[in-house]
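What follows is chain A paired twice: with chain B in the first complex and chain C in the second.
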Partner chain A sequence: MYGYLRVDVRAGLSLVGTLTAALSVAYVVPIVVALTHGGEDLWVFVATLVATAAFGLSLRQLDPHPDPGAREAFMVVALTWLFAAVFGALPYVLAGDGAIAQPVNAFFESMSGFTTTGATVMDNISLDHHSHAVLMWRQLTQWLGGMGIIVLAVAILSEMAVGGAQLMRAETPGPGVSKLTPHIARTARALWLAYVFFTVLFIVLLYALQVLGFAENMTLYNAIAHGFTTLPTGGFSPEARSIEAFTPIVQWLFVPFLFIAGVNFVLWWYVLTGDPWSLLRDAEFRLYLGAVTVLSLVATLVLFFSALETPETGMVGGHIERSLRYAVFQITSITNSTGYANMDFDAWSGPAKGILLFAMFVGGSTGSTGGGVKILRWLVILKTLRRELFTTVHPEAVRPVRMNGRVLNEEAVRGIYAFTLLYIVLFFVGVALLAADAARLGLDVSLLDVLSASIATLGNIGPGLGEVTGPMGGYGSFPTTSKFLMILYMWIGRLEIFPVLVLLTKAYWRS
Partner chain B sequence: MIVGAGAVGRTIAENLADGHDVIVVDQDEDIVEELTYEHDVLSIAGDGTELGTLRDAEVGEADMVIACTDSDETNVVVCGATKTESDAFTIARVRRRTLLETWQGSEGAFGVDFMVCTDLLTAQAIFRITGLPAARDVDMFAGGLVRMAEFEISPDSAVAGQTVQEADRYDSLTFAAVFRDDEMLVATGKTMIRDGDRIVVIGSPESITQFANEVAGTIDNGSKDVVIVGASEIGIQAAREFEEHGHRLRMIERDPERAREAAEDLPNTMVLQSDATDTDFLKREHIDEADVLVAALDSDEKNLLAALLAHRVGVERTVAVIENVEYAALFETVGVDVVINPREETAEEIVRFTRAARTEKVAMLEHDRAEVIEIEVGPGSTLTGKPIAEATNDLPDGVVIGAISRGGDLITPRGTTIVKPGDHVVVFVDAGILDEVIDLL
Partner chain C sequence: MYGYLRVDVRAGLSLVGTLTAALSVAYVVPIVVALTHGGEDLWVFVATLVATAAFGLSLRQLDPHPDPGAREAFMVVALTWLFAAVFGALPYVLAGDGAIAQPVNAFFESMSGFTTTGATVMDNISLDHHSHAVLMWRQLTQWLGGMGIIVLAVAILSEMAVGGAQLMRAETPGPGVSKLTPHIARTARALWLAYVFFTVLFIVLLYALQVLGFAENMTLYNAIAHGFTTLPTGGFSPEARSIEAFTPIVQWLFVPFLFIAGVNFVLWWYVLTGDPWSLLRDAEFRLYLGAVTVLSLVATLVLFFSALETPETGMVGGHIERSLRYAVFQITSITNSTGYANMDFDAWSGPAKGILLFAMFVGGSTGSTGGGVKILRWLVILKTLRRELFTTVHPEAVRPVRMNGRVLNEEAVRGIYAFTLLYIVLFFVGVALLAADAARLGLDVSLLDVLSASIATLGNIGPGLGEVTGPMGGYGSFPTTSKFLMILYMWIGRLEIFPVLVLLTKAYWRS
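Right, the complex of A and B next:
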């Protein structure tokens, strides 16, 4: 059978094994948390670590000297992410607490974690119902998935040095991974260093607020937990009411770091190594900054002139600081696909939710940890549309599309159109399937729920805009079939669709 | 010694044949044979990059080696090879600007003592000339301090029908000569300027610009609407010059691939992929509103057609790049406003090295009927120590002192001006008496 396959399955699987085994090291973190919190659920993580390592190492035996090529890269990346989510779900099942003990829910939660979606099926997010170790693991999955597990592996494992560039391309395709240094491993390390730098900085600042007496409940545990999910644009929180649980000053501190997470980390590397102006020279950064600023201002005005009031927040309408804080925080968090909530935005007025729905389609920058269509693609699309208008008047004009002064080749432009169109098609297919599935079981789900569930999983955003999918609700009430669809969407959404979809084509497997 | 008997090589050989021992090396035996009979030069068949050929040509004895084959790489290698055998001054002609930039970064690189970029020179000439209304030729001297320009006088020009004395209303402008049909007149106060004359003036850039506006009867507002036909190397480099100076630029190229490349190279140019002889297209894109149209296609005939057609639809001024010198006069007769010849531009640049060491710059006029040269005056010169009015009596007819630059300042020569050693003088000279004059200066 292997004879007519054109993909070296053995080599690919062997590499997946190596990566999976390496990932088992991550379980050390929840083990340490368990040890420092009375040993609760300690065995769960020890058992998972052993199971993951054993599976990975045995898969690795398939081919002692794997030499995967460009084609195998897609398979390696897609399967590594799938296995990471499968094994990452084990602790939830083994711990046996609440809704996520159920395997499909556990798988959903784990995929939502690694893909930094932040959609949850948990009914009771509280340290009273779950151990410190389990909730910290949930946060950690997002941190690992944020910059990408392949990028991490390339940074750390020496054997990934050669094929690493291809794998990284498959993990973060979009228009190009720029090599910062001649060695791909050093590039991967540079990206991770910038990522670690901001994570640590954020944890220190959050904890400092508690020490200074500005945030009573921002304990060291909470500071680390939120540090793990802010920079990867994750959105999980061990607090049931997400960021609403914290004081306004803490909420304000989140804003700059949410913004940072949506920017290309290659740019942050330049900034950290002494070239701060590289940020403003980048057209994508300027558009991201502009989009977040304009959307925030519009949302602020809409909230200010609305009669928004919830028991937790008090009167928002007519209150400048509150309107500004809720608007800026939610826009920043939704635009780059984080999905934190500092209030129940399901209570927002129709127009205000409309702005959020728009923000969901924007996405982060290329090379950031954010999901969605990505700013760069919109920028290219805007530029080509402008060109289209121009060539309507001047049919003979030849106008290459330029990005940061460089010419984009037309093939890249076509790729961007194909991606964006596919993204939108998948979004509508998702809406239709979710609605049909709910109708099949006679469930009453609102249109806003299915719309936002589709985009929130495909774009790795997390919470949606309806009653069920809203920030204070959960995805638990969706039928199992819908959950599988959403797991698929999170998976392909994180890997930017093509690397997973290409595995489903005949051409991929044959010559 | 000249390697490469192409268009440029031959022009230079022709230019140098009197007064120098010229050896021409070329690979093509037919051309070599032809040259031997046509010009008074010694020609050798062989590959100029090979040491054996160079030795046959006695490169060790040569004072100067000029490499001007059609290949940039060959020219550079010829210079490099020469340097291993002799101390001759090496000149390489290149087309690509990148090679020139490398060389400029470290002079003497590749064993090249002087590098001439033909296309860049042509592009710069196009830019200089189109920058002045009604100008046919423009050149700069003394590091930009002095300018020389040749204008064509149209019937409705303000100076038509005036004498030089009447027309000379500028502080720092010297009227050098008037070309009337095939005749050359050295300008005196009484010389009449007539419709159809070409007049040569030398002076400060400002006064030249003012004079140009008066001649053409236009106000130059700086930014122009320029159309370049043909994305050739010359076309692209000229476009760069125009882009740098903020002109509104359009380029027409028929070949889709070349059009695309040009559009990628020139971010501020609107590139149109079409045939420049398609009148419907020219009308649709309002090419007729252009101030200047430059025809820079690969063939002289196509350039003529494009320029004439542009004239027909109403473009104010047309410039055509012409490789074949013989066509130049003909093209101007049928209505092309300015003809620019890459060979002449290159020759101007190279020939100065073959002159006395003090010659700083050479500009050829009317296909080398006359020259404007910049020369550093030595202590033994006829000019020094007495007023110019006296000094010119000692010089033959056909010489006009156009401008003097002293220590970075421009001095307009008057009868009483005294030239000092070390001054740079810009002089108009009849080509026939050139050698004689240079010896006197």
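Right, the complex of A and C next:
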């Protein structure tokens, strides 16, 4: 049946089945939560676990001894995230509470979770309207998505040479090998160690603040919930007003962990194994640190000299600690694409939002869980643009560009250029399609909301800069067709675009 | 004195002097206008003519027999536009009427003219507040800028191989030669013939509508004024409400000429010399035609099904001719970066503005007077991104990309990628700087105005999508520092960025 294809579809699907079946183990977490909270929605997760495991194990039967290679990896990556989102949506539908019980909304919320986007269609985020188990599952999807992403970014995409990801190859712990599996397993263990370490540390510190009396509402449930969504740069919160719901000291504690989440986890692996200086030796880390610092300072000054005031925050303008806290928190949270809010930044002035928009396009580091174009790509672009100015004057000159002491591979540079341009083209296409779709139904969404919806889904940021897409708004009012487009954008954005688009080409399946 | 430089500064400055002196001849036009309108502001233009000619001729003395080569061309191009803008600002200062009498505003308005941007800082655009001569000079700066641009784009940048402009080389009439002057002169004659032909035809047709009784206020003055600003995709109008001031039939007559202005003038030269099919053989023309057609259709539907209504236009929603006229006019005017308005499109719904934003990033064709990234670059990007998907699957494959039947030069592709990325980086840097500057002074400009100001100046579009930058607003309320940044952006944007930035590199001056 598949004889004329060059892709081993059976082997690919079989691996997808194995991964899907493995994912079903994760439903144990909401099952435990349900058991410790009066059994509410317990059956929902048991049923979902059974369905997911059954589907995964059946798919696995397609090829009992799969031997997938590089070509199959595209398909495995794309389908694993898709199936995770589809099955991860089941609990919302089965629980039947609120707007996310509608299938398209459930799919949106689940894709937003597994892609660590954090855009929500929920109308009432509250434990009064949803069970503890359902809201914890929503948080957990982001943590699982983040686990997948660091391994994908470091071990898999680098082998595929997608969008310049081959630059990562030299950085990975252990030598690259052509067969994916053994290499992935070794790298994944190292990165997950760092990921779990910071997650647990953060949960312990958050809960310690409560125990010490500094954070009344940072219950163990809330500590775990936010531990699940910080390191993956996710941004979901079981609190309707996000991190604004907590005391200033809690908000400050988020800042270093938000920052950590935007760093290449390979560097954290080096740091945790005894080489802290590897951080500062890395050009991408230095640019990330520099960008967050400068943007935080600028935003602090902008807020301090503004007349910003909301009912929840009181007067921010002229208040040093508040200006600093809101600016540093939001810049850190937006730069690496987490999207938590510690105030309604839709109330910021136009110029202050301009700084946030700039931060949105910076993105996290490669090998981190952050979305967007990624800092390494901008770094390569800035370095090669300087070279381009030189060769404009000296067209005959050959001038290699160096980073971290090594000469940049020109193939990787071309891949990075292509990725970034494709990202921008898709952003504009998204704007046009979302605008046309809203107009078709006579909805007067603001231009900022249309722009935001495109970039916040493609870049896996979550909240945007308009009223509907803002941190205290929600994506529920977009038309169904737009929701499907945004689901697609979250999916392809998270997987660095190429692995999904490649599946649409004839060249992938034949030849 | 210049012995250690590799740039023949004397020869370059001498040529700049010659061009500046030649420009002083243009003041004859406002002088004639002043003479036929009671001599108002006559002395202003006589004084400016003398000052410009004196400066130009003195500069020319630096080298009586200049022999500039390719290296000097960067400097000549950048300085000619700069001096044109500086001397072109003198009449506004000397006339002393309104906001543009302030030097920074005069410089802004003059740069906006010579770069065919069309952004204005004037507070009262009316013959009641300014002389006929001053307003005609303002229009004429755009026509002169457009003359310069088509020659720059076709004959000069293509020799410099800037931003992929070498793709143009094969298209130019006459063989390319290494010394610039004879080649430029021959090409310039051909292109200017087309430019003058369409300008005169448009003026005659506009005035004919008045003579025939279809356009009471399209006086000969107005016909010439708009003839001066349509073909250069300029967008200045002596009417405060731009093209809304005229009857529907006049607005319709603008549409084909707006479209013509966005086409490569080399193609018009072929058409006028007997080869009309050269248009459809050109891939860039087909994409331009297709983009304008599709966007016009979408915008028409969006307006027709909206509730758009303004005091000036009446109800647009549900009205076929109005929806069609406003949509087609604005899409044509915005796509090629002219920026005329036949209604206050700031009143359009968010989704409708989304379509306009998309159009803004399309831009005109190469070799036209249009600004922005330009359609040829997008075409190359789209074609090579398809190739990139292919090579993601087949990393070993070498696959040339073809356009108009020829294989694309990979150097040109890299130049186009670099140009487009630099354009986008500068756009974001502009957003951040304009936002920080506004915040510094506590101005609450909207985010859309900040975004618009960056793209509308860098892309030489003119009006933007906010209240301040919109077609019925004005840039006068931006701080002085922001105005200087926007002057810089209009300048570098018009000259395709590289020729100006190159002057800031050590590699240009030494080695």
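We adopt the following convention: the second predicted complex is superposed on the first by the 471 of 511 C-alpha atoms of A that agree within 3 Å, B and C clash if a C-alpha of one lies under 4 Å from a C-alpha of the other, contacts with A are read in each partner's own complex, and residues count from 1 in each chain.
Definition applied: a residue touches a chain if its C-beta (ideal position, glycine included) is under 8 Å from a C-beta of that chain, and two chains touch if they have at least 3 such contacts.
Quick caveat: nothing in here was measured; it's all calculated off a predicted structure.
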**OP:** Please work out whether A:H394 is in contact with chain B alone, chain C alone, both, or neither, and reply first, second, both or neither.
**Re:** both
Subject >> Which superposed partner A:I424 touches (first chain B, second chain C, both, neither) >> reply: second
Original post:
Which partner does A:F259 contact after superposing on A: first (chain B), second (chain C), both, neither?
Top reply: neither
Original post:
Is A:A507 in contact with chain B, with chain C, with both, or with neither (first, second, both, neither)?
Top reply: second
**OP:** Quick one: classify A:A435 as touching chain B (first), chain C (second), both or neither.
**Re:** second
Original post:
Looking at chain A, does chain B or chain C touch a larger number of its residues?
Top reply: C
Original post:
Touching A:S446 in the superposition: chain B (first), chain C (second), both, neither?
Top reply: second
Original post:
So, does A:G405 touch the first partner chain B, the second partner chain C, both, or neither?
Top reply: first
Original post:
Common interface residues of chain A with chain B and chain C?
Top reply: 394
Original post:
For chain C, which residues count as touching chain A in their complex?
Top reply: 71, 74, 160-162, 298, 301-302, 305-307, 349-355, 357-358, 361, 378, 381-382, 384-385, 388-390, 392-395, 414-415, 417-418, 420-422, 424-425, 428, 431-432, 434-440, 442-451, 465, 498, 501-502, 505, 507-508, 511
Original post:
Touching chain A in the complex: which residues of chain B?
Top reply: 256, 259-260, 262-264, 267, 270-274, 281, 285
**OP:** Could you please specify the touching residues of chain A with respect to chain B in the complex?
**Re:** 394, 396-400, 402, 405, 407
